[in-house]
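The first chain written gets the first letter, and so on, giving A, B, C and D; residue counts start at 1 in each chain.
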Amino acid sequence: MKMTENCGIIGVFGHPEAANLTYLGLYSLQHRGQESAGIVSSDGRSLRPYRGMGLVSEDFTPEAMRRLRGDRAIGHVRYSTTGSSHIRNAQPFTVEYALGGLAIAHNGNLTNAEPIRDDLVAHGSIFQSTMDTEVIVHLIAHAREPVFVDRLITALRRIQGAYSLVFLSGDQLIALRDPNGFRPLNLGRLGHASVVASETCAFDLMDARYVREIEPGEIVVIDKKGSRSVKPFGRTEPTPCIFEFIYFARPDSLIFNQSVYAVRLKFGRELAREHPTQADMVIPLPDSGFPAAIGYAQEAGIPLEMGLIRNHYIGRTFIEPEQSIRHFGVKVKLNAIRDVIRGKSVVLVDDSVVRATTGRKIVKMVRQAGASQIHVRISSPPITHPCFYGIDTPLKEELIAATHTIDEVRDYLEADSLGYLSLEGLKACMGENGCRFCHACFTGDYPVPIPSQPGDAEDTPSSPMVVSGYHGVEDERAR
Amino acid sequence: MKMTENCGIIGVFGHPEAANLTYLGLYSLQHRGQESAGIVSSDGRSLRPYRGMGLVSEDFTPEAMRRLRGDRAIGHVRYSTTGSSHIRNAQPFTVEYALGGLAIAHNGNLTNAEPIRDDLVAHGSIFQSTMDTEVIVHLIAHAREPVFVDRLITALRRIQGAYSLVFLSGDQLIALRDPNGFRPLNLGRLGHASVVASETCAFDLMDARYVREIEPGEIVVIDKKGSRSVKPFGRTEPTPCIFEFIYFARPDSLIFNQSVYAVRLKFGRELAREHPTQADMVIPLPDSGFPAAIGYAQEAGIPLEMGLIRNHYIGRTFIEPEQSIRHFGVKVKLNAIRDVIRGKSVVLVDDSVVRATTGRKIVKMVRQAGASQIHVRISSPPITHPCFYGIDTPLKEELIAATHTIDEVRDYLEADSLGYLSLEGLKACMGENGCRFCHACFTGDYPVPIPSQPGDAEDTPSSPMVVSGYHGVEDERAR
Amino acid sequence: MKMTENCGIIGVFGHPEAANLTYLGLYSLQHRGQESAGIVSSDGRSLRPYRGMGLVSEDFTPEAMRRLRGDRAIGHVRYSTTGSSHIRNAQPFTVEYALGGLAIAHNGNLTNAEPIRDDLVAHGSIFQSTMDTEVIVHLIAHAREPVFVDRLITALRRIQGAYSLVFLSGDQLIALRDPNGFRPLNLGRLGHASVVASETCAFDLMDARYVREIEPGEIVVIDKKGSRSVKPFGRTEPTPCIFEFIYFARPDSLIFNQSVYAVRLKFGRELAREHPTQADMVIPLPDSGFPAAIGYAQEAGIPLEMGLIRNHYIGRTFIEPEQSIRHFGVKVKLNAIRDVIRGKSVVLVDDSVVRATTGRKIVKMVRQAGASQIHVRISSPPITHPCFYGIDTPLKEELIAATHTIDEVRDYLEADSLGYLSLEGLKACMGENGCRFCHACFTGDYPVPIPSQPGDAEDTPSSPMVVSGYHGVEDERAR
Amino acid sequence: MKMTENCGIIGVFGHPEAANLTYLGLYSLQHRGQESAGIVSSDGRSLRPYRGMGLVSEDFTPEAMRRLRGDRAIGHVRYSTTGSSHIRNAQPFTVEYALGGLAIAHNGNLTNAEPIRDDLVAHGSIFQSTMDTEVIVHLIAHAREPVFVDRLITALRRIQGAYSLVFLSGDQLIALRDPNGFRPLNLGRLGHASVVASETCAFDLMDARYVREIEPGEIVVIDKKGSRSVKPFGRTEPTPCIFEFIYFARPDSLIFNQSVYAVRLKFGRELAREHPTQADMVIPLPDSGFPAAIGYAQEAGIPLEMGLIRNHYIGRTFIEPEQSIRHFGVKVKLNAIRDVIRGKSVVLVDDSVVRATTGRKIVKMVRQAGASQIHVRISSPPITHPCFYGIDTPLKEELIAATHTIDEVRDYLEADSLGYLSLEGLKACMGENGCRFCHACFTGDYPVPIPSQPGDAEDTPSSPMVVSGYHGVEDERAR
């Protein structure tokens, strides 16, 4: 079964332009998923779904938007992973079941979807998609309670892992986070309307006001009478995802009640303290390395320069020359400014290193532009373990820090020096006392049990991508 | 719940170009459905689905065909009905269930889908499409037998109505017809490969040899060991659809073991005997009226002339002029040849009359071209009842013969005379002794019980389109 | 230089929906060209052009039509020839020159475009397309007269060959035919508006009334004051194209003041007299052979049967199977009805034979369907010479009748007998006394000098396609 | 006549992958024009053109690239201006004329195109596009010299204004700049191949080495024998465009032999000296304001912060909500980070102010994010005059600095203070002694005469967009 991966979700209740607001919200969350986008609107009676492949700005036509009538809506943008690109995996997922129509949008990844699915199938259920989200819907449909929220709670007690969810059911909009609160989800207000979004940058474009984050383990039920909070899990020990701060979220967002930009700036400052260097300039990797690079430059007292320029017109397809011209790699996306770099010692600041293949090319490009010394600084610890809660990290074998020492990574990068932010430094920046984050990707300390692997000798999974063999039906690609 | 409507289905087993052959078959069956087309191929292990909206020649790219590997495949073309145009209703329908992957292609319409669906939903099933085909799959998934064919038989005992089906399951291709045999389905051979098609014209393009029709109530199971026949319903009383002969099937096909062209020719001859006339020429309505018109002309000894010409470049969209130019209607598709018709008395031969709105326009066009007399002859009886077994007839209220006498229809058409083929004549042409056909559309004598309607005072349904209110989720249109 | 080839042209003057009417006209003339379509409208001041590749019904969107304001318009559909498929060769051709804006739509082919073009280029002209039409515009631009029609006459005196033309210039619509009148062009009325069309079937859809054909050598000038006729060539000896009657025009059209259908019927009757045969049935090749087959059947007293069925859903692309399935050829378009043909002797009637490759496949298909004897009858004489006046015939080497005797063609077709309509019979059908037709394709008797070929030993050109080497710029294909 | 506007051009000679290299070059110059892109390749005999609307990455398919054979090629990307969006205005422009095929790509704008065009038209020329580039081609075609370069020189003596040009003619690639050198053009080497590009960032992606800029008034003729330089204008007084440095060029390019990034950094430093301020942070406007902001921050000793975040997923279409949500303007593209800005005094640095409407919205957004004080700093002088040499500035009436004092602009922006870089400061940064730049947009001191306007009382043109009424033919939009 494929994982749902990290995504972006939106909900709007009680606004005459609910679908339009959802569109704006998805537009702001586009960085959380570019593979597909969808909106389901409702007037409280019937659901109106619309989904498409690709970007929000390409999927929704004015005519499509006009069809999405009603004063409530939910929306979803899906992250692109290889091989499962098809409209039937686009969300929101919409079904008819015992209580009527139901629409769901899911951000995160369940860790026990496979055994539940096997059990459901053994008892006669059919599965049409490869999304773990379909498991949640089956559990709700099989629950016997007459009220949706009660069925939902019954279903949630069965599932484990990372899930921030929004539903349209009957005359209600429901939004919730798993007890660990792995993925963000926020509440806002726009006049009398309630809005929900993965990140607060969506509220900014919707002109909505941020109210608070939905708490880990909290179910918020919104209807015409107002909103109420249900906490079926009692007291929880939240472990929100640290990688949202490191890389995934937009710097202009609040998540988990903190400013992403401010946190990244702190990472950069701490990195400068942990790994100081003598250099002529600090160069950020555009655009993800900007805030940390600024923090590093400020703390280190080294001038910041934009020595790497990003090409803003990257298209879907790039035709590589055939014979003589080779190894473009990053050159299509980035260019080094020779006149800035030539003869200088530089600090390159990036947010993280996964496989290091891109980083190696960038170091080479900067070297060719004439840098005398290249010091790579990474504003996060070495990634040594795959994520099972929604971040699209590769197999453990492909994580360079899982199999190489830091010196080896430095040598692979062909950098003069390499410094990672320490886990302790990272925690210090987060002010981690009341709130503990999930840093399993750096430590392997998984807060929720992960699926065991076939032939799993050392109990450490080598890959989150093949949790189970869903080999019956290959993914479809239609026109 | 929407009905599946009449469609075209194909199956191929044991040929290295199974998907390509299926493509050819669907191409030949395009007249049975232009809304969507799909193929699922298999190598006996995993299923590879591909579906698209529109014509076969537009949907399948060379790249798509290359992905459809394996030596077996099934295919489907879907008839277009208003409002339900979406990829999730395209077939083949592919799911994962207890026995693994399953693909199904369905031609026909179930009459008791609604109560079964309500029962399934009440017990926790979820429905993702608006097709009655999904009911069949749920029934198979809920059956407990360990072998697919046994589960299938259990499922078939629950359903009623019209269904010709092909499945890919495990290492088998299964093809079957309902006990009434409403819809056609034929067996053929191509070398060592087995092929299945709604009409034999598909075999012609595939270069396959027609073997026999699959019998009403027969399940044909094809695997590497060969094919075997299962007849779970015992002795049946078949009632194949007469309308396939009148209009739906291609004239170059055999269906129900008879030549469609030859039957239509007989209809025309019988029509000439029942409704002779003095006229200068017989004019067929292109192209559906051709065979009957030839028969009529031959029997009546009146010259056949192509007085109406069809425009072969009808596109998807036609932009109607705004103000001064009006009432195109049939003129976009047909034109009358003034020099042929002027001053002549003509016999117009068509296959059937549904609403009579198009016929009225054609009569007017022929009159304006100068015809002195217009005698309309229809090679089928008056349609007075809607079809619940797959033919896309409208509401009873819209069937002109249901609410008007023949004289009134003639007056509405503004024809000088009007003659329908009698039911007796029709039966005589079919040589109906051993084999009885379904002519419920002419008589209301439904061989399988039809759904009762809410507030159904006179026990005659007014429309097959609103068998049940599936109002929970509106149909989706995606990009 | 590429030839313009046979095309369809439309003109409308003095109607508030001029562009919409032109659209309807082009829609009716779609059989004369499917490669590109264009309309230029005008309000008497500025020209509004719109062109697109492909079918009329695909090119023009409602938004595009709304932009085409003004009470006058001209339109063009272009025939598809290999390799020159680009928007810059789409017409109408629109330029700015000394008298302002000018739009032209051209049907036909000039025979002396090449030397004129060479002369123009030598004196500083630039050419942007590969159309001979561009030569006409240059000649008009280089003329010195202050009035458009006078410049036009000056230009026409330079050019030779086949040309029916419509222009929008200043406040006038001009329509004309070359002195030989190779290509048709007709005048009609719609209320107070004047309309012009290649064939009268366009008038039928536009709801316009046919007035008369524009005469060979006649220039019709239409403006707000009315229309007037200019005949700068004095008395001419018209030689309209016989092939328009044999194949090109629609049967529901009048061209050269005669009914196409009626003429084809006569061809069939005459063919039956010249080449009678004993047979069970006459089978037309759909759809072009229909009228002649009806004439043949009537004259011969042999029943007509639709033994060949055409697939109406032919798309742009057809994916041929790779290995085992082969030689589709005509099978994708046509199918033979076995039950009609089996054991019967048949007469196959078609309009013409060019290369005979398709005919050979059809004879084979009919033979495989079980025909005991196959007698091929062609309603035109053997084509022995290429056309230089607009019909897209191939190289002389590829014309089977140019290099083979009739017996050899029959053997190639594998027919039991073969009969062509004689030239005398053809002439007799046309009632050719006052009016002489061009039958150069049957006789090599070219009424207008054709370009001599490089190394042209026997003074008979082998191909009209390479009149001159326009090798400087290859044709463009853009997205 | 429409102006060609600023564009990007590429030339490659003597490389087996000439078209692929040109593709890479255009990809790098995409910021210079997103409306259309085109490549013409050649093997020295025939020209192969390909053009498309939109981005390079969307226009060129692998199939299209394969057709572009030959070891030389030129390419063009066109800047988008309202209303003239059509393929016939896409470049390279390709014609056939007296010396054979000719392809041209043009960056810049002629100031005397209109009278030349009128003269050409009066003498019989026809114009098919609305580009002033067509004038150049006509002049070359009308010249009498037998050698291309001589004809070219004759043509260049007639034209005035801004033009950097590349040609493919016969077996030569020709590249040149106008005597003023308004627009950049550079020479590079890749192995034995010669390459030409508007900016050196193209060389970086092509893996080519920068050699030198082509000099103002220099014609570089490249063929198999090598390259030679022709300087027909003798000694010139170059006035390259300062706005290329301020805004247009990419920061990683060299133009006019200087690093764009380094110059912008200097502008920022000088701006800080001219307009110092007390503030908590310097915020660049992404991305154009980055280098100047860094320079300002460094010089002023104020921390740089990324207070404005750019949305990287801006699509072609953005559907604005209808009623309640309004005035998106910049919010779709930019967002202010509340947590960074709240309660702080900020310096906003941008490169230039044209209409000030966007700037006003940004100031408002920053104010709403909580800034206590907003000091706007612009790294160029006030734009008071339109450009006639290729930069797409609006009508004089729309240039806010043309009609308002600086205080009024500040009030309109609702900023607390506003500082422009002075002209003197600008010149100082450029080290302007040997080289004089064109700063007509700041001074109205046009180095080449500009077209006089109809009713031009004060001899100062109000708009460069309506230099002349080319009203004969409206621009076309085709499918």
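Quick note on the criterion: contacts are C-beta pairs under 8 Å (C-beta built on N, C-alpha and C of every residue); 3 or more make two chains touch, one makes a residue touch a chain.
If you're wondering where the values come from, they're calculated on a predicted model, not measured in any experiment.
A count of C-beta contacts for the chain pairs A-B and B-C puts B-C on top. Inter-chain centre distance (chain A to chain C, centres taken as mean C-alpha positions): 61 Å. Chain B and chain C have Cα centroids lying 38 Å from one another. Each chain gets one centre point, the mean of its Cα atoms, and the points for chain A and chain B are 48 Å apart.
For chain D, residues touching at least two other chains, in rising order: 58, 61.
By the definition given earlier, chain contacts exist for A-B, A-D, B-C, C-D. Residues 38, 45-53, 58-59, 61, 64, 67, 87-88, 90, 94-98, 100-103, 121-122, 124-128, 137-138, 141-143, 470-474, 476-479 of chain D are the ones that touch chain C when the two sit in their complex.
Of all the residues in chain B, the ones that touch chain C in their complex are 15-17, 20-21, 23-24, 27-28, 30-31, 34, 55-58, 60-62, 65, 191, 201, 204-207, 250-252, 254, 259, 261-262, 287, 290-291, 294, 298, 303-306, 309-319, 321-325, 328, 331-332, 335-337, 339-340.
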